[in-house]
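In the two complexes below, subunit A is the common chain; its partner is subunit B in one and subunit C in the other.
And then the complex of A and B:
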């Protein structure tokens, strides 16, 4: 009986064993299939996913390039700072946190409290603070308050050259001046750091990592001379104080190279405290502001006359009165909008004058009579040759082109242009025009950056554009005329002890929204030493008080101070010293 | 006659004593050496790994110190630049009584050769022209 039962049960055991065996085989087959799937078919994908969980990619910010003056003194550089931020959800006592941070960072408690209670996930409490300030805050161990390193752009020269160097914003983007003009070169190329981290965010040592280093931005070497820039700037500030003017601009050029040695203005601003400024002083008006040059324009008119041969130094201009009526009836009209009546600055008897005398005493009437000898198109051609009516192309953003506002149907405009009206120029354009005379008749494009230094130390230099505007002889003669203006004419205050200086005064009525005003733009542009000029200085004073309304009174003294400093800085041998 | 099987004569086997080989113990020396090598290699690897890890940490620390030194260097350069700023020095000099000379006279130091390339002989002609009535 038992044997029979056993015999019946035997197949059942076998079948169970078979089932179990098959199940095991299937299970192993499944595992094998999965193993092949994981290890062979999708191995790369899983490896990549695993790696992605551990790998962290960090962008390595490049160091922004420095800006130097010609002596290697830094005008702009980048230093490490720290930015303090908060995760508001983690902050336990917002008021206390705001107070503690505000005390140490100089922030406003109410602003910080508002930020902490803004409901945002992340708020900055203070950006780019000094390292020791950040350490003080970190030492407080405030819940939810952290800091991270951040590069900060600083300007060690402060107000000096601020309007030329410009500024970069808090994120390191150039927004003004050279910082903007050369932003792409200064900013560099970001790199990437790939490393493995544990779940706590700690870097795993010896784990595979790759570094694509950031390429630092190029350094810029400018032509500015910091001490001379300071002299120009302080002289401008003194001029404002002395003359009661609204603005003052000074441009100093190396006559032989076109390098801008100084470009200063007043009022100015401190780039590190720029939020406290009203913004009106940010712009570099030596490049962007246009004005009617007045008598300094006579350099171009007389140069055109000499260069075309219609006059020479000893040519006599007959019947030079102190009033000249180009538009009939203009001098008898009381209408402000009828132009065409021209007067000399001081009354004098009608007499003949040489070209030299016309220029030296700055006779408007005499200059207009000289202009009448020049074909009209030729005069405009010379104005363009000297760089008027188009930007100089200086490496500075937003340069004003100037304007030659001569309407073909305007009968008085040619006379106006000859004495510096109907023409708008920038201080830089006038400096460059005079530099052409200083440089034996060759105009050189003014420029601020003389070299760029890349990460390998390779220096790339700049070759400025040049063009001949007048003959060498014309340039010599014009320099002699300019010297006579300082020696015996309207520019005596521009003299510099030890050097023979040449230059020209300019006084132009200021044009306002409702026509010409009683205010003036007083200027002086000149060069030294006149035998072989090395330096050209242009001084423009906007709206000086009536007693300082002329170029000789407002601008020439400032020219003298700056020119003397420039000659000494460049080590130019005084005249009269012979071996 | 019926065939009958012949009874086989069985000869009892002669017994002899064979000189058996003495069972030899398995040699353990190679295994011990192998084990020792493995252990030493393992320990060596562990030590090397530890040393490398320690080196990595030291390297990271050194890199951090270098970065800190560079930061300090930059800060010092900034401080120098700020201290050398003429806008800071000029007022201080003025406070100390330094002033620009009001009268200057260039002096010729005997024996010092001055480069006179600046003097242009063509000015003689210009001066003559300028002096003309």
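And then the complex of A and C:
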């Protein structure tokens, strides 16, 4: 009963319990208010911060575009490979590891051991090895040795066209040649993988992720013809061997389109090893190296004379001696001549010659006499029209512009320029100048890439720049002259069985660091078939042995081989009588 | 019968009142059971999600904690089935043994307990562990209620009130602080104060005890620099987002990510090692993240309901002992939940205590369910009539 009374007699207890109870309920209401603040009012801010700490973006590497020759044969492509790397801290037996990996990857044990003991946290043991090699290494289960996929750039044609195609470095950046010139197109656009990860960098499963796929790089279709490129390159190599020259360059152009069918240099390099052979270079000197052309320049001088009408094919140039002094008293003896004395290659009686004869026997004196009929500025203008003194604009990096070195105060410079001195050209510029004659007087910008194919298969093509240089008639007459050089002049060795070939020899004293040397740059530039030329070939041989010092001896035979191959490759109908 | 039946009308009125009272009692009991069941289901679901990443990493079994929690729920249900049926008046006689066992366990844990994170809170029990401070909670409530009930006639003297209160709360509080575990000490103090409040002692005595507890708590907080830093860290978590503010901020980010409707069950990001103790003291953040304001609001509503129902049971208890038991147990649940959720929401210091019925922890679950059974038992025996 007492307990009951106590219970009943507890109105004060009850009321204070009610007060505290209400306080507790109020506390819950307060938390409710706070919850709304956190989950509604500030939710966006918190959610964003939360996402920011989880979100990570990973770059998806695009596949680099391929480079093809004109027939669709690959010159450069990217293949799957794996790179083997080590975390040296985890490696248990460095020597054994180095040996095992070296055996399988063809690496050097000492190098690998040095890498493993270099104290770095991460070292590559072999980069971009074939998949089965990587698998073999993985199967060894060496502690601390791993591999990851890494695409490898390969050059199926090897050294053939290496200097044109260029090379990408081990990380896939184009560093030379077309690989460099078209790097941004070949490279493609990286994709992006967006995902959420935990603080340790592990991917959170089920969290939404988005992937923006990488867009592969564009493929390039070049105008190169791989078999012809091979012929040009081997011919260059043969020429080096035959003439003892230091370097050789050959450029083959499609006369009507300006497309480069072959562009070769020797010696060259191996693009996959990224290593040059002895004396070879990554560089493409057919585009980058300048030389004084010598007699091949006479094409421009005589063209200018014919085109301006100051002379014609049968115009007689009187009193052509075998020496000519622009500066009186310049000619002393072969060894002591000073600037201003010009001599023909071989001594001859002083006689009158037609323009045709001057060109065919390549008389320097006769050419200078023709030049003297042309206003000086006009000659320079024609040189410029033929593309001298400025780059052709070919789609190849680092092109040399050439130079017209006529100093206004130099009285002998125009004479000098008329026969191919005081002017510097690249082999490509010279080929393009001759192609203008081949193409009925219209110069076409030479180019290497004829089309780009994007990921959707869309092809974009290039339209090369063109300009008229001389009249159609002048071009026709000049081709006749070029034909007679091969038929009866200095370029007989350039002939091709079955075709009428025209061309011009060039033999220039090589200019060295200390002035002119007794070495020569021997060249031959020509075209065929002469009535409607399809192909222009320029061969330049640097420093052949004395017995091969002329264009006719050093370059013309190589021209003949390459031109014949080119005519056959393009299926050009023979137009001449075999002889 | 204390009601004199003078007429048939009065008899009818009395009968109606009794039946209404019985209905209210039954409703309170049902509400308590239903709320606890709902919290348990939410808790097990949240534990499954919140603990899976940690479980997979630490125990190589994504369901490790879930399995343990389910086992705890099963044992808890068995204990509940017993306590619901056991007349709560029995605890008056059992109060001392229960209290002594609890104190013995609290001493034992300091000697042979498993140390984790600088605290000894768990006794090894075969493949399981026992968090002994959980046992201390009901032990203190029962002991204090029994003593204050026995001394009810002398409670108007402060000395008679203070001596048992200091002895019972002081010993347990000291032992728990030696583990150390400030949060649990606070919950035990709150439960003890509720018992005092429900006793017949004058309110000013309870107020004095509350004031004393606050001073003691403040002293303990200031005594340990790490504790002080942790306690004040909640005021400006962004001052040290990678240190003292880290857990709180990660909780905010989880709740904010959840927004109104949540990211979906099992889709929590915070559990992927961003939010420490996601399945224990910060499980509320995971619930808020996965089910949004809606789910978190439901949890708040359930605890409010639990508080109200428990308090109604206390007010309506048939005797002072029952009232004190009900008030003590309800305050324990309510204050522990308030401190836990208040910590997650950044309005209170983070003390590391768990959310009753929801957080992972099988000792806590078994003990809480047992205490719930006592509360329900009091409810069922609530006043049948009133004059």
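The rule is short, and it goes like this: the second predicted complex is superposed on the first by the 492 of 579 C-alpha atoms of A that agree within 3 Å, B and C clash if a C-alpha of one lies under 4 Å from a C-alpha of the other, contacts with A are read in each partner's own complex, and residues count from 1 in each chain.
In the analysis below, a contact is a pair of C-beta atoms (placed from the backbone, for glycine too) under 8 Å apart; a residue touches a chain by one contact, two chains touch by 3 or more.
Predicted model only: the values in this text are computed from it and were never measured.
In the superposed pair of complexes, A:18 makes contact with subunit C only, with no contact to subunit B. In the superposed model, A:230 lies in contact with subunit B only, and not with subunit C. Residue contacts after overlaying the shared chain place A:547 against neither subunit B nor subunit C. Using the contact criterion defined above for the overlaid structures, shared-chain residue A:44 touches subunit C, although it does not reach subunit B. The intersection of subunit A residues touching subunit B with those touching subunit C, taken from the two complexes, comprises 206.
Considering their complex, residues 73-74, 77-80, 131, 154, 156-160, 203, 205-206, 226-227, 230-231, 233-234, 312-314, 354, 356, 476-477, 479-480, 484, 497-498, 529, 531-532, 573-574, 576-579 of subunit A touch subunit B.
Every residue of subunit B that touches subunit A in the complex is listed here, in rising order: 52-53, 56-57, 60, 71, 74-75, 77-78, 81-82, 84-88, 90, 103-106, 108, 113-116, 118-120, 122-123, 126-127, 129-130, 132-133. Only residues 3-4, 6-8, 10, 12-14, 16-18, 20-21, 24-25, 27-32, 34-36, 38-40, 42-47, 49-51, 53-54, 196, 198-200, 202, 204, 206-207 of subunit A touch subunit C when the two sit together in their complex. Contacts from subunit C toward subunit A in the complex involve residues 2, 53, 152, 194, 197-200, 203, 252-260, 266-267, 269-270, 272-274, 288, 292-293, 296-297, 300, 303-304, 307-308, 311, 314-315, 317-321, 323, 327, 331, 334-335, 338, 341-342, 345-347, 383, 387.
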